[in-house]
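Structures are listed in the sections that come next.
Below are two complexes that have chain A in common, paired first with chain B and then with chain C.
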Partner chain A sequence: METNRKIIISDPTLRDGNHAVGHQLSSEKIALYCRAADNAGVPIVEVGHGNGLGASSLQLGEAKVSDQVALITARENLSKSKLGIHVIPGFATIERDLKPALDWGVDVIRVAAHCSEADICERHISFSRSQGVEVWGCLMMSHMLSPTLLLEQARKMESYGAEGIVFMDSAGHYLPDAVRHRVELLVDELSISVGFHAHNNLGLAIANSLAAAEAGASLLDGCARGFGAGAGNTQLEVLIAVLERLGYSTDIDLYKILDAADLAEQNIMKNMPTISSNSVVSGLSGVFSGFMKPVLRIATEFGVDPRDIYFELGKRNIVAGQEDIILEVAKDLTQHKGKRIK
Partner chain B sequence: MKRHEMTRNDCLRILKSGRDKLLDPLRQTELVVIGGTGFVGTWIAEMVASLNDEYQFGIKLHLVSRSTEKFSSQAPHLAAREDIQLIKSDVRQLGKIPMNTDWVIHAAANPDVRTHASNPLDTASVIVEGTMSVVRTAERLGRLKKLLYLSSGLVCSSQDSSLSENAKGAPELGASFIYPNAKRFAETVCSAARVQSRIPVLVARPFSFIGPYQSLDTPWAQTTFLADALHGRPIRLLGDGQLKRSYLYGSDAAYWFLRILTTGPSGDVVNVGSQEDISLQDLAEIVAQNFEPSPEILLNTSPRNQGRTTLLIPDITHVHDEYGLSVLTPLNEAVKLTAQWHQMQKNCEKDIFSG
Partner chain C sequence: MTKSIEKLKIAIIGSGNIGTDLLIKVLRSPYLKCGAFIGRNLASPGMLSANSLGVPVSAEGISYIINNPDCCELVFDATSAMSHLEHAPVLKGLDKRVIDLTPAKIGLMCVPSVNMNDSAVEFNVNMVTCGGQASIPVAYAIGKTQDDVDYIEVVSSISSRSAGPATRQNLDEYIKTTEDGLKEFSGAKRTKAILNLNPAEPCVDMQTTIYAKVKNPDIPNLKKMLQPLTKKIRKYVPGYEVILGPILENSRIIVMVRVRGLGDYLPAYAGNLDIINCAAIAMAEEYAHVTAKIKQEEG
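== the complex of A and B ==
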């Protein structure tokens, strides 16, 4: 297959990967990976706390380095690659976080919201656009909306000034046909470009990313060795290899991105992302990958099966930020267990 | 030169060569512009001020708006005039319209696509309930000569290279298309008011405008390019820059609206815009030429879907043939004047901040 179509790659190894290490990436590791990604020609390198700019907190996990240190370090070590950030309105405010981030040299701002809440992005997208930087809208946990409703939310972001829409499979729940269907609809109905961000809970991150590319997506996310929340993201170096084989152009040097992935494995990752049994359940139940650690901890505390927690959370349509519900679910399960015993 | 001297010159340039005489029906009359403090309303106020000062028209102008304070700060030279009265009111609850009103222009609607997306119900309410409110008010105006409703060029669609007033295509359904659908329904309300209440009403369909008083905060191509250039940044085009648009300058638009209002027959529908189409890349180049140093133009900063573009070039044969109106400010000049005005405004802000 020869396509010659260009795919823009955005690499959130140093942002989504921060979830996998409790947001403990150091400035040395940020510098090291930025140099390698830059050398490989990765177009966009996303850096920051796992939940994005301004999210370091006791509740979500305190980052090892501040946004300022992380972004300035990244900027100093990127010459060709653009520096990207993930911004969730509420965690990040315009005055406290976005304005300084622009001063620190950010090129690409990806403003993200839960898939049904695009409205909260209006001010952040409009502001970013007014500052002359590239701005994308991201719809997280997108499997929770039908394609038609997802399009409505994407249209809102387009009207606010987003230059592209990335829909995110935050729970690693999609099958390729579902991805293809959504991309085709968005590409047909929007005048801006469409991107896709996968998680690998069901082992389909590469397949889903390819489905997105085939359906017309212009941007794909990928992390070195898939380093990201839960079961990890699309494995970047594999994605590049497969895209190259299929005739897509990414402007990324294959050997150098393979080297960058090796370097990341040796120097950055404490543990390689794997599809654990819990990840599979998380993907099946459609629960955010980032819930894995609190679910495991609380399951142990209450002596309940974490898989039962996941499926119950899935039934309740729980989204990121509602971690407190895990406790409630575990407690309910314990009580029901007690009743069953009686 | 000050900013208001520049806009005055723009109006006088349009009114010269005897064109002022074609507005004679406005002499010694009262004009109400509902939604009168936006881009169109401000330019109509500029034109009325010019007619009164330079040609002794004696028009009394009432600008009805929810945002009169904003108007007073943005155009103090107009707000302070004795022949211009500001009436703070929501279009849906009009209660203070002078009973001696001769002419009404209904321009109330927020054209900002961000508001349409976030508040579609409010968008529809202002347009539909607002138009109902305007026609109910018009029924009570014994001296009313004409009501001009400013609809939108988006109410129709066509596969042709330009949109005529008779194009049959309708906007898509759905919340994302609330603005053109509400405007379309409001046109129908105007038609019903003409049939049922004998209100002399006609419709103008504005397309894209350019000029002073247009906020650079709006996410349109011309405003984004000007904002980029004004801040010394490269002008970024998302696609290949071949998408075409056309723009009518503010003082031209104001003159057209007044001419259509005073001379158009009830029931007429008239496109208001320029037929001089231009690619966005060429527009960016014209904008860049008006700044020193000239900003870089970056193409394809984000890939753009080429298949999904709206046609926004009006066919203006009708307004040309029936009203004798044509574009008096060529696009190059329009961009130059707009760029100069915004540079003057920026310098003025700098002076304020530097004390």
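== the complex of A and C ==
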């Protein structure tokens, strides 16, 4: 296939990857990987707490370094790559978080909401646009909406001023056909760019990303070694290799991105992302990938099966940010356990 | 308190969900009566509903009170922060007490279970936010029973359907006002508020989790203080319930509360809207008692 079509790569290794280490990425690690990604020609490097700007909290886990330190460090170590951030209204406010981030030199702002709640992004998107930076709207946990409803939400973000829409498979739940269908619809109906962010719970992150590219997506997310929440994201260096083989251009140097991935494995990851048995259940039940660590911790504390917690969370349609419900579910499960035995 | 006091005449400005739900609560109150229900559009659902309940309605906004100053002694402002900034000086000039349900935050922040007496002498009180009404009593108890409160964090989840366009556009104001309220009532060095909208169907009840980092956690003492406080809240918000804690998990204090609404004008899952309205009514009833007492003394 000779496409020569360009795909923009956004690399959230230092943002989604923060989920995998309990948000403990240090400024040294941020600096190291930024230099490697910049050297490889990665167009956008996303940095921050796993849930984005202003999200360091007891609810989600406190970050080792503040937004300020993380972003200033990244800025100092990126020359060609743009610096991106993930911003969820309800966590990050314009005054407290966004304005300072702009002062620290952020180039790309991705304003994210649960897939059905695009309208909470109106002010954050229009403010960011007014500041002259690149603005994308992100729809998280997008598998929870039908394609037409997803389009409706994407249209809202477009109307607020987003220059592109990234729909996210936050739970790693999609099969390739579902991704293809959504990209086709969004590309046909929107006048702005469409991007896709995958998780690898069912081993389909690369396949789903390719399906998105083939269907017309112009931006894909990928992380070094797939370093990200839960089972991890699309493995960046593999994605680059496959895109190159298929004739897409990404402006990324293959050898250098392979080197960057090796460096990331040796220096910033405690454990390599794997599709653990719990990740499979998380993907099947459609629960947000960032829930992995608290689910495992609380399952141990309460002596319940984490798989039971996952299926119960899935049944309740729990969304990202509701980590407190894990405790409640675990407590309910311990109480019901006694009753079931009888 | 005497059983039968003269009912205090109130007016409600703002005929949206909050204003209409307030009206139903006022009509049920033995201490309050509604002298005017004021909005901008006589055909809005709230206005139609007020009209059908036999309440005097007006679409003239604040001018109605200026032209009919006898319609009320107390005003609930359920409009917007921006409108309240205009209303507040006018109402002060007319010598009307004000209960402000917008995030304008001109007056003293009022959480009836904690500072009802201080609020009762104020002319303008602000009802903080729904998350503030649910969490501040717990934060206050933490401040009173724990040494060195370094940090309090409050996470509220509300049903998407209970969040109207104003709420969605004002998440930043919600966060700021809630954080300010938490700090003021608990004395914590740092505070953080987070709001999640949950689209799950059937709709989820409002739920709020309070986390605290303190020097030497004292759970028994917190429990002792929280029990009577919860009872006090349940007097005006019957659907308020501590569903978890206080417990110590991962070396932080956690208390989780759930608020089911009364289901007056708004569905029961909208505990977030109910709690702020119930608090406003409790405060107005307190004014009614204070006013009646003054009148009695004046003979």
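Just so it is clear, the second predicted complex is superposed on the first by the 342 of 342 C-alpha atoms of A that agree within 3 Å, B and C clash if a C-alpha of one lies under 4 Å from a C-alpha of the other, contacts with A are read in each partner's own complex, and residues count from 1 in each chain.
The rule is short, and it goes like this: contacts are C-beta pairs under 8 Å (C-beta built on N, C-alpha and C of every residue); 3 or more make two chains touch, one makes a residue touch a chain.
Because the structure is a prediction, the values reported are computed rather than measured.
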Chain A as common anchor, with chain B and chain C clashing or fitting: fit
Which of chain B and chain C A:187 touches, first, second, both or neither: first
Touching partner for A:122 - first (chain B), second (chain C), both, neither: both
Contacts of A:155 with chain B and chain C, given as first, second, both or neither: first
First, second, both or neither for A:57, with chain B first and chain C second: second
Which of chain B and chain C A:91 touches, first, second, both or neither: second
Chain B and chain C, minimum CA distance [Å, superposed model]: 6
Contacts on chain A seen with chain B and repeated with chain C across the two complexes: 119, 122
Residue numbers on chain C that touch chain A, as the complex places them: 151, 153, 155, 157, 160, 165, 168-169, 171-172, 175-176, 192, 194-201, 204, 207, 209, 211, 213, 243-244, 249-250, 252, 254, 256
Of all residues in chain A, those that touch chain C in their complex: 57-59, 89-91, 93-96, 114, 116-117, 119-120, 122-123, 144, 297, 301, 316-319, 321-322, 324-325, 327-328, 331
Chain B partner contacts - residues on chain A that touch it in the complex: 6, 8, 119, 122, 126, 129-130, 132, 134, 152, 155-156, 159-161, 163-164, 187-194, 218
Contacting residues of chain B [partner chain A, same complex]: 113-114, 116-118, 174-176, 217, 219, 224, 227-228, 231, 233-234, 236, 238, 301-305, 307-309
